[in-house]
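Below is one structure, written out as structure tokens; comments come after it.
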């Protein structure tokens, strides 16, 4: 754990720079680091993608299984998002069951996909009330250099876009495979952008140094129509003013549209 | 944790008072603190009750679900009792799965209900061997000021008496709700009384101070006929003589009859 | 935990003796301690055996249950091996879920039985794809004085040979017991021998002292034809040379044949 | 209802449906008779638990929330302690009987997330730097749930922290607004939350004009979202008045009776 | 027998039935040939485990119980240590093959309760104050179970404690009486316990006239209960003689052979 | 494929079948076109993770393995520390998407065993005595699995240890040989491993002529076994050359560029 004194020195330096609109690595406050997206990196998974956001690195794998639907939604498939902060990604990650950070990460990514209705889950019903497809989205953090949420959401979206399902028919209530594949039916393409507040400044795409000194973060996920589908405030013991929230929302409209082009074409 | 020295001083004081038949709060050895019972406090539960025994406070909620019966009792419903010592109730309780005290509390309450055949479980069978009702009794300790067992058993009984089940018919092996409710079918009304031994005295309804210094406790649960249906010795590294057991049993006959009137009319 | 200094002194002494072909208890390098095998020690289990190897003591119990087969082997019964290092067996064992030593022990015993096809699992299928017998082999270590693997494998084999199954017929997909018992169908009799390397010597059937100072161990399990069905290197931060492996294999051929006679006639 | 069906886990996610339109009638009246900008009936009480260092109880509609606070006390286990400030350990926990289908007492992933965001909603209000190396424990028990429990939990927890005498910059008060039946509405109850289009829980420090919790799920235009946030903050301000009353009624009467 | 049926958990609770009347015939003889006040055949042996500091083995009917004792040694983890006395850590544990249907090795709620009441049955006998800050570990393994294992476990554990050289006020010995086939009977075996009307396990320190464990479940009048307790104590006294023999036969013969 | 079938757990055990004969054709060519003594295509890269003290990435056929090493650092929790040497904490972990049917992230018994044998395969190579009381953490992530992952994990881990600058006696390199289609063959892929007759994973220190991991399951005569071990060691020697190249290409180019 970095000592309090070091963090305080860092905070002073970063805040001073931000007062002049500058960041330690020379970026502007709303600039993302270089984004590299590679799809299909795990051939045995139905879908996958690796995202590098500066030195942050995430792989998302999508597996398709089968199961019974929820009793109150008998005609829709099931979406399950899980995140693992595997310990090789950071000295602060430990082996074992997911802690609160991993749970929050998974649930924020999940809400973006679910609330934007990105996947057409109704097309994943095989037999009403009895048999549906289950989409497992596993977020695997391989190197943590800040902004895990945005990178994970991008990787999840890229992996879903990359996902192929086998064709099938149903015989006597059982699935029989046919030759060929179809893409996962997609209806929307949610993008998350996360603002960090440091002093009285908002910045996007924090590096690890910036996260250590931030007061709080605010994630806004938008769908392709520029509507908001999920928001999460977190990341520390700070707060946002009403005005900061409006400002962040405005920036998010443009920024999510811009990033969507990068992710979906990938 | 209270230090050994404080406990020793307390023990001396309490024992001296008891030698003269007195207790720190002025009660007689077999007196209960004020009992307040309020039924139906959790409207969304099928049954519920709050019991206050002095400053000890317990809520019991009853939920009715469905499940398969035990293979060796295909025609009877299932009773499940659980207890949680939630950490707001005492500085000595910790969050996490139930420890041995919570498990013992649940099992003593369970045995009283089960062995007295308080619930007519045979009426809770829907389809022999396949589908029965499951009665979940959840004991929730909200403030611990001693004598959790008696207070929990009272609250559980009051909650069961308060429980309503929806009316139903069975169509093709499935339960179909009908309008209206019936009370949970009850056959008996078990009451538990717990004796603490301090020095060579037996007292009822211990406060927290008394529990810290007691040698051991003895819980006797009796049914409406004055028969014994459950006993549990516990509570420390002390013992009871044969004569003390007989004495406790005699007192229990009267005391359980007296308390039953308080709880069941509530 | 024994201190480093004591272990070093012990190691020196044991190594010196071994240089002259001797062991602390006078045995030759390939000699086993006295083996006592008693079958049927747990009457309520379908099969059981107790093995004493010097002061090491193991009980294995076999229970037969039912379940569904694996989807890819719909016509074969299921074998499950579990090991518990119960804490009365050694000051170094702790209560709780199995640690890596218990897991390894169970899996090495399992592989010997499974890979030698000791049990004719195809005879344990009741209804293809739906209902098969499950053979639970539970290894229970009661006193740990070294060489748990060989003793456990012997006890497991003796318990399987001792196992009786009730006769049955199948009526409407359910098992109906008939009078009488048959032995568990056995096809092979695997025996494990474990070599320890201390300095540049290989020895068999280590006592606890020898295990504390060994560099590594190598377990070779052979079937009745003298073929190898399982191998496991473990036991420390040492290694084996290619030549040592060949030497161990040669000795194992003879030694497993010799031990098989002891175990199977028992 | 079916016996013993093994269901995949589901942690309170929203499932919008066509029934949403029935939530608000033509006159703008909701199923429980409220107008769109109306809070449910609220009752707050401070100092209800004898053992806890601070406590509070709240009813908001059919929600029943009890909070106990212990501390500041030595942080345990030690590795969670911070050299220069207190840590808040917060547990959001639902009684098994608090919801229609019995909830297992083991913490769900939803419980874990809510415990975290509630802690982060309370931290900005507490002078944590006054008590280095200590822990303040906030135990939130949902005795009965009817939508909006995270907000109600925060409102109650702030009262319990104040009752424990822990120095605070401001109270924290929380309220959700959302979209149901096509309209932005305040303080959604369970049915509105489940069937409705969106939910926006907000926690607020009234004197510092600071939003300490903000979440959203559903589908809102930016304008709708801004309307909802403003409505939620409006709700917070009303609840804040009730919070102050609850504190006054304990501490004023106590002053008279006991001190 | 049915494949893979998911059953709700059941932890040894009693289920009385109409079969109870067949448990004792007209001449007062039980299914295994015993009279109502007769113990099952008992065998005890002390010092059976080389590694443990103390140990004992007992057979009572088809029950087979093995107990190992370690300590007193430094309490671990440290927060369980007591300033002024030793703590007993007691684990009652059933081998998976000890019962008809394989038992999962994970502790059930019954196991947790029994570990607690057995510990509390042993504590009154041990001079815990001689070894402050230490722990005495009592590991009870049920190798085969046939009713009355908690009592048999206590009887065996007391021998193992004595074998470990731990200073004791008295031995502890335990035996149950119950009601089966309408009659009060001693030392119920599994079938009598399951089908019978009540079970009363009692642990007793013979020289101090002290009951250190007392439980009951079923249905007994106060008179029947008193008869059962007296009968159980009578059983304890008989078992106590066998306990003493077992200790003597180890320590006398050892004296001759080795020291 | 069937919905929601509750399956007993199965941890990678071999299930031989009659299909084995089809694995190698008459010309001795395997399903993926390899000869019996031919390795799959291999790619290794060192220093791929910015945060870890050392790291490496390996592809062998369709296996994709990533290893990160942290340490030596203070051992935690403390009771695992050794007075006179470092301990290696090793975790073999499969990504949920690494296999055909999604794997639960919780460690299986197979994972626990493999973590242990891999640790014991690496320990002989490390000068543990240089860093008493510390821990070296080796995290092996199987991103995609296609047979032989334990060996590939060892080969990769040795590179990551070297990259972390941890003093080593020798590199460790691992490779399996086995029997498939009736023939002894090198470096079995998943299909060959599952359908084949035996698998013999071997880890080797090339300069010390030391076997640090040896396992086997299946059915082999002693002669076949010896052939397989020799073939596996041959595979190790080839992989060792690639290991050295991978180290060189990092440290030589780095030398030029940065230092």
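Every chain is named by a letter (A, B, C, D, E and F) in the order it is written, and numbering of its residues begins at 1.
By our rule, contacts are C-beta pairs under 8 Å (C-beta built on N, C-alpha and C of every residue); 3 or more make two chains touch, one makes a residue touch a chain.
In this text, all values refer to a predicted model and were calculated from it rather than measured experimentally.
Asks: Taking touch as defined above, what minimum step count separates chain B and chain C?
Replies: 2
Asks: Which chains contact both chain B and chain E?
Replies: Output, common partners of chain B and chain E: nil, no chain qualifies.
Asks: Computing the C-alpha centre of each chain, which chain sits at the greatest distance from chain C?
Replies: Checked the centroid distances; the maximum from chain C is D.
Asks: With centres defined as the mean of C-alpha atoms, identify the chain lying farthest from chain A.
Replies: E
Asks: Any idea how many Å lie between the Cα centroids of chain E and chain F?
Replies: Computed from C-alpha means, the inter-chain centre distance equals 50 Å.
Asks: Determine the centre-to-centre distance between chain C and chain E, using the mean Cα coordinates as centres, and give it in whole Å.
Replies: 31
Asks: Name the residues of chain D that each touch 2 or more other chains.
Replies: Those would be 2, 4, 6.
Asks: Any chance you could list the residues of chain A touching two or more other chains?
Replies: Residues 67-68 of chain A each touch two or more of the other chains.
Asks: Should the pattern of chain-chain touching be classed as line, ring, star, complete or other?
Replies: ring
Asks: From chain A, heading first to chain D, what order do the chains fall in as you go round?
Replies: Listed around the ring from chain A, going to chain D first: A, D, B, E, C, F.
Asks: For the complex, which residues does chain C have touching chain F?
Replies: These residues of chain C touch chain F: 4, 67-68, 70-73, 78, 80, 100, 103-104, 106-107, 110-111, 114-116, 134, 216, 218, 223, 226-242, 245-246, 249-250, 253.
Asks: Once bound in the complex, which stretches of chain B touch chain D?
Replies: 42-45, 48, 55, 57, 59, 61-63, 65-68, 82, 84, 86-91, 95, 97-98, 126, 130-131, 136, 138, 140, 142-145, 174-175, 177
Asks: Can you name the residues of chain E that touch chain B in the complex?
Replies: Chain E residues touching chain B: 2, 5-8, 10-11, 13-15, 83-84, 109-110, 112-113, 115-117, 120, 123-124, 128, 200, 205, 208-222, 225-226, 229-230, 233.
Asks: Which part of chain D faces chain B closely enough to touch in the complex?
Replies: The contact residues of chain D facing chain B are 1-4, 49-52, 55, 62, 64, 66-68, 70, 91, 93, 95-102, 105-106, 137, 139, 141, 143-146.
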